[in-house]
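Two complexes are shown next, each including subunit A; its partner changes from subunit B in the first to subunit C in the second.
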Partner chain A sequence: MWKGKKVSKIQKKSRMSLLKRFIWYVVGFALFFAPFALFNRGLAFLLDEKRSGDIHATCFRMPLVDMLTGKGIVILSVTGISLILLLVSAFLLGPFFCGKLCAAGAFTEYLSRLLPDKWKVDWSKYVNPVPLRYGFFAAFIIGPIIGLSLSCSYCGYSFFEKFTNGGIWGDFGVLGSTAIITAFLWLVVFGLFTKGGRGYCNFMCPVGAAQNIVHAVGAKLPFTMKIKYDRKKCVSCNACVKDCPMRALTQGEDKKIQHSNHNCITCQQCVAVCPTKSITYGFGKGGWQQEEVKPVQEPKPVEKGA
Partner chain B sequence: MKKRLGTSKWTMVVLFILMFGIALSGGMYRNATAEESAKFKVTVPGNSTKEVVLDINEQGLPKKLIQPGMITISSGHGKGNLVYEGKKPAFIQFKFSNFPGKVEVRYRGPYDEKTGRILKPIKPGDSISIDFGVELPADVRKQAVVFIGEIQLMDWKTNKLIGTIPVKIINSKYETNTGATNNQNDNKESCH
Partner chain C sequence: MKKKTVTGLVTGASATGITLTSSLTSTGAACTGVCGACSLGCASFAGLAAVGLFAFLGARSKKKGKITESPQ
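Presenting the complex of A and B:
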């Protein structure tokens, strides 16, 4: 009885948090994606640049490659300023763009919540997503040097924009094979049928990976914002682990919670659901244990007569 | 719950390399299917000397399965390869000669679909990024030469032709009337 009440309270908190986050993502959609793209258009207007009114104008993917492959970027340009804001915010606040503004990542998260958990795969149960996402990121950066550009192909933003600008009504425009594969992975395999709905974010998004590299460094410093943990307050209810869309939280053998700055998007869903305020978002030390603790072992059935 | 993969240093390295390889294979696949979209470069006033040639038999399997009847002819993203070098601002209008189906123009600016007109004048020296989504009805796709057509660029204020882009769409799965199979021209330009 008490347990049931507690669960529903947590669910209520979770829903409230989802609603609050939803408002942010709507703002993010209006800022970055066609037909509005207010950020892109506004910045282009201020800089007197001719830019398209869609996500391609602020495309973080291409300037990331240009910057990291030594091609360089023009700082006083729409892409230059966007990229700097992206990385500085990730350093000071955590992956702010992912956690608050990226409607593409949020879309699949919210979509997957429509399906019951038993239909979804929790990939993080079987594999740590961090080396996979950094492996993809490395290929994203090194690929163009050897003539294998991943910039525009497999782009979740681009497909999300196609989807919301006509795709819902069946008008996707012309799709290439890589766009079709992206759609299938982003929306279906790693979206709808993945626990948390953010499989694309975890495995295939270079923009998210770049922000997390920066965040992982920033989180070591006391003056930056981060997800923090107070072990003493934690009652090991596991509510945070269950609700984390990025699967960045795990429960260790000691029942305490483990967290990874390498794929946490600081969305604060865990902060909202924690009944004891053990998880918070703020300045100072993170309070997390450094090593990954062995996951909980399921108790072995005791043989009769043993 | 069993211990998950990728928690020790070695398995992390293995997973990193694995995903690195998968992603690079994705890049290779992307190159292999680059011909699904035909790219053009044209400077107007003037005509494109190079015919835009696209072989629909070169489409990747997902494209063949999901959307075989739509192709793109594109000036490329970013700055775009349709360059205007006239002396006065131009009011560009597109006309499609001998195309077998609908043509959907994707231009990221004010554009009137009904008339095919770009509504804002293009200044001398400006370049445009534009995509033409061309519909290929099922019956025309089943022939060696799907169609030969032309994209005409007009100035809608003066009604003068300021440029043309010749287009040839083929299907190498089928033989030409002469018995020879189609051979696609070199039109492999990447998006970026």
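Presenting the complex of A and C:
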């Protein structure tokens, strides 16, 4: 696909960063997702806990149900430790799990990169993903409180594990109606045909939403790691905006870059492609403009011959 | 800014409502999990949505085929 095309320095940097992130995601897949889930299995072995090795340890629906039904939450359990690590890492480092280890999100992102950009839609231009994802997250929390429970079929993790278990063991499990819709949304509409390929992460993922809430608070403090911006160094080349898989970066009318901590997963793809190092990842102040500047207008189409 | 906040709140509340309502229907006592009628309905919905997506992409690429002028 790339053969014969001249590759710019920015494209080279982008591909190198994608390769590095890919290695992280393979590690994340082996550590957290079925059929391997080495972290979960190892922790279960150490704590003498009987549970299957899968991603469900990071799911807070089940501990929430346990809490509401009076069973309580055991902190020294696979779920308890996983949840604490997830939220503490999001507070101190940004959504580290999403940006470096979540193979489910990476799967659709890398798959969508195989398709040309002209086939993809940037949904975040039409709908703001932040309230939708937080709304879904709220339902995730409210559901068990009012006696409902959101089905695992809504979950991208669950479907990814169906996929990997199916691919490795030939066992896809039950494919109900909700699972079909989720698969269609996760893999096709919000995966393959979405710019960045992370539409499910952006619009629905409750684990990502929880991490982003924590990160948005943590990013205000100087001792936490965050994506930082130096306006003076920025040459407004827009490379970071084009390469951000979460569409968390936009270019304002003043040509400078704006960033949202509510959907950034700190994957550092923007850091890798920035030619002037105006975007970095580290401690200190974020440097992003507080007041919002109107985004750049799309060029208006004009009929041929007009 | 105020309008944006209100739009965000309404969108978020709608997402919560839709999710909870669909959760209510999917966990209904009438479901025995054997007839598969819902899967058929959802597959039809997914098919229709796929057609809509391709129509949208087609219309957009047709629009992009026209000459564009710079905003300046």
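Side notes on the structure shown:
The definition used in the following text is that the second predicted complex is superposed on the first by the 269 of 306 C-alpha atoms of A that agree within 3 Å, B and C clash if a C-alpha of one lies under 4 Å from a C-alpha of the other, contacts with A are read in each partner's own complex, and residues count from 1 in each chain.
The rule we apply is simple: contacts are C-beta pairs under 8 Å (C-beta built on N, C-alpha and C of every residue); 3 or more make two chains touch, one makes a residue touch a chain.
The shown structure was predicted, so the numbers you read here are calculated from the model rather than taken from an experiment.
In the superposed pair of complexes, A:I181 makes contact with subunit B and with subunit C alike. When the two structures are aligned on the shared chain, A:V189 is found in touch with subunit C, with no touch to subunit B.
In the superposition on chain A, A:Y134 makes contact with both subunit B and subunit C.
In the superposed model, A:S124 lies in contact with subunit B only, and not with subunit C.
Of the two partner chains placed around the shared chain by superposition, subunit B is the only one that A:M62 touches, whereas subunit C remains out of contact. When the two complexes are overlaid on their common chain A, residue A:G143 makes contact with subunit B and with subunit C alike.
Using the contact criterion defined above for the overlaid structures, shared-chain residue A:G53 touches subunit B, although it does not reach subunit C. Under the contact criterion defined above, the residues of subunit A that touch both subunit B in one complex and subunit C in the other are 127-128, 130-136, 138-140, 142-143, 146, 148-151, 153-154, 174-178, 180-181, 184, 292, 296-297. Residue ranges of subunit C in contact with subunit A, taken from their complex: 1, 7-9, 11-17, 19-20, 22-24, 26-27, 33, 38-39, 41-43, 45-46, 49-50, 53, 56-57, 60-61, 63-64, 66-71. Residues of subunit A touching subunit B in their complex: 50, 52-54, 56, 62, 124-136, 138-140, 142-143, 146-154, 172-178, 180-181, 184, 203, 292, 294-298.
Within the complex formed with subunit A, the residues of subunit B that make contact are 1-7, 11-13, 15-24, 26-31, 33, 36-37, 59-63, 66-67, 70-72, 77-78, 104, 106, 108-109, 126, 129, 131, 133, 190-192.
Against subunit C, the residues of subunit A that register as touching in their complex are 118-119, 121, 127-128, 130-136, 138-140, 142-143, 146, 148-151, 153-154, 174-178, 180-181, 184, 188-189, 193, 292, 296-297, 299-304.
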